[in-house]
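Reviewing the structure listed below.
Labels A, B and C are assigned to the chains in the order they are written; within every chain, residues are numbered from 1.
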Amino acid sequence: MMEEKSGSLGARQHISTRFAEELEAIKNSLLEMGGKTESQIRLATEALLSGAGDTAEEAVQMDRDINQMEVEIDDQCARIIARRQPAAFDLRLIISIAKVTTDLERIGDEASKVAQMALKSTVRLPVRVAENHTTALATHVSNMLRRALDAFARLSVDAAVRVMLANKDSMEDYDAGMQLLEAAIRDNPATLKSCMDQIWALRSLDRIGDHASNIAEQIVYLVTGSDVRHMDEATLLNLLDVSTDS
Amino acid sequence: MSIKPTLETPGLMANTVNEGPVSGVMTALTAAATFLAIFSVILFLGFLLFIGGSWLLEAQTVITAGGVEERYNWQVLFSGESELSVTGGIFPAIVGTVVVTLLMAVIVAPLGIVVAVYLTEYASDGWSTQLLRIGVQNLAAIPSIIYGVFGLAFFVYVIGGRVDALFFESNLPDPTFGAPGLLWASLTLAILTLPTVIVATEEGLSRLPATLREGSRALGATRVETVLYVVIPAATPSILTGVILAVARAAGEVAPLMLVGVVKYAPSLPIGLEAPFIHLEQKFMHLGFFVYDLTMHAPAGDGRLGIVAAAGLLLVAVIVTLNIVALLLRMSLRRRYVQTGLD
Amino acid sequence: MDHREALIAASSHRVRQGGYAPGIEVNGLSLTYPDEPNALVDINLSIPGGEVTAVIGPSGCGKSTLLRCFNRMNDMLEGCRYSGSIMLHDLNILDPATDVTALRRRVGMVFQRPNPFPMSIYDNVAYGPRIGGVRRRRDLDEIVENSLRLAALWDEVKDGLGRNAAILSLGQQQRLVIARAIAVRPEVLLMDEPASSLDPISTLRIEELIYELKQSYTIVIVTHNMQQAARVSDRTAFLNQGQVIEYDVTDKIFTNPSEPATEDYITGRYG
């Protein structure tokens, strides 16, 4: 039913083509911002793992663009609300976009932090602890983000719910990585600084997962109109079942 | 004045652009027609004013009991002291004209309103209503003398005869209402002008927005209450327009009146200061007939055209006065409605 | 208490505060015109008392027709047939035996264009009570003042009650018409696009007035203006082609309607 609804919305045209174009443009801007954030994460992680300074610099630079995009998209949202008084799906779309940009901007901040850790590590990090877990976590969360953006583009509740459920999986790598890093510090207190940086990076990656999950929540709200924030897993699974059944 | 074109409004510019040769011809034609109409009115009024007016202001010698006096013609005309005024002067004729016209207005207004209200508010929109409406409109096309014949036959003989038989038996065989008189003349004129009032009133009623009636009905008013308290008051200007047109037409009618009540000489006025104030059965004098009579029977000579024109001038003056009174009445009412778009 | 006394008493503010505003239950209402066999089709609505219910929908969807069922204004149209029932408390509005003039005193109506009668401001407001039998000048004075106050017009016209209603601005005229409607102390107020001919500021005044009035009246408003429906109403019914497509609390309709057709309409998409 949900799929059908979103499908029908896609098929029906606004009487005001200019309004339709505005909505289309703002959606594309958001996806573009998401894409940029995705590549920033990739670059930051790469830098962290390889210790390549220029890559890290590039990732930090990208954050500025992302911040700029957030401001622009929010501005567009305000303009549409003021001039079009959107209702129903259109209203939810604008609200979701405004919220998703915030999450994307935060993701950008976190990715930037990861990149900064990489810059620091180039100076004082020969020690690489929990490399696998960091890689796995980075891959996982950027996957989540990509799928969340994809779900947004397709207005798929099912995909969005799967992103939210996937957030739980990132815990394993995060916990395991932390344990390794704790042990490393205990074994050799001299690596404290280096390990702390890696802990911060892990934390940032984990936060990216949380933001990706928030984005997914907004997609569920956008399509169904129901707020799924702070819902337990059973309820989420239920939503998933409903949407896969139909 | 190179700046002038830019000062013109866009509308004016557009008008100039759209005007083709045909519209130029039309403009010239309408201008010519308007000029002709105005010219003939001026010619007509000028004739009456000049000939009639100058006659009125001429002096003549009158032999009276006290000797010989110089009198202006208008004094003579009103006093009835000359050979041409065996009829008692022009004054009774003025009074007769005013009275018969006002009485006609009093009769035709409610009658016309009732018919118009029936046609717009009550009658269903079927073919019978349309037929009635067409019939009413065509009544206006019947020559007025036919109305006179009808009035004589129906009002005087049929109705008047009945009334006499029922109420004035003691006077028979002398007729009371069974002969031409003021009431029958007024009624005949009322029938004559009824279509005018109906059409104008109907027009006014149909122009009232439906929401006015709905507003009243929505407050719990019945149809009758709505018609009485909202619809008719709102249509008053239109009704008065109809009455004005009716008065204008009736005051100038002579032919039918000759059959149903007007005489060359009436010994007394149809109205008086004592009860019953108005004598509905009396015959009366009329300016229109006065003019006719003078034209036919005034002594030939220099004064003849003058006196006829003077009487005509007075007739026109009476009609214009009656119309102005009605117009003022309508204007004062219209000021109250104009902003609601009810007119 | 006879009707006259009831009218006077009811027009005072004291009584008004506890105003009795009944709900309206529409059951299986269908309506046909000779050239529109499906003007209304099986309408079921439960309109709560003391709230504002908006009826929205495209032109010709039957929303005005529905509104006019509530005070039987459709009776004035030839060939109009209806079935079903509309219960106002325990009165079936559609029952042929229902006294229509009495019904219209309970269910007042405000029209699209201000339609003041061509008479004074005072006489306009006093029209309904006079028809209802109120004759004493003092009683009428009281009703007129109370009604004009409630319609938020008193301060603007109190110095010229004898002036013709036509001199008022359109916005003032519409408030006058509302005062005229509440002067007969109805329980329900029907509003047929009450602000569609007004400028934005006058529109806001009317909307503010609607908000004030809902404390004492059940209000049903038909509007083309969806933002207006969103602003003033507690509940919204979406009508299309004579049918109720969706009826829900206004918040729900304007943020997350259940029916795709409602969604399409309020977001301005081709249906």
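Here is the rule we use: contacts are C-beta pairs under 8 Å (C-beta built on N, C-alpha and C of every residue); 3 or more make two chains touch, one makes a residue touch a chain.
The structure displayed is predicted, hence computed values, not measured ones.
If touching chains are joined by edges, the resulting network of the protein chains shown is an open path. The innermost chain, defined by the distance from its C-alpha mean to the mean of all protein C-alpha atoms, is C. By C-beta contact pairs, the most connected chain pair is B-C.
Taking each chain's centre as the mean of its C-alpha atoms, the one that lies farthest from the centre of chain C is A. For this pair, chain A with chain C, the centres built from the Cα atoms lie 51 Å apart.
The distance from the centre of chain B to the centre of chain C, with each centre set as the mean of the Cα atoms, comes to 47 Å.
With each centre defined as the average position of its C-alpha atoms, the distance from chain A to chain B rounds to 91 Å. Those residues of chain C whose C-beta lies close enough to touch chain B in the complex are 71, 73, 76, 78, 101-105, 108-109, 111-113, 115-119, 127-128, 131-132, 164-167, 177, 180-181, 184. Note for the complex: chain B touches chain C at residues 124, 209, 211-212, 214-222, 225, 229-230, 233-234, 336-340, 342.
Interface residues of chain A facing chain C in the complex, by the touch rule stated above, are 5, 8-9, 12-16, 19, 85-92, 224-226. Remark: chain C residues 226-227, 230, 253-257, 260, 262-264, 266-271 touch chain A in the complex.
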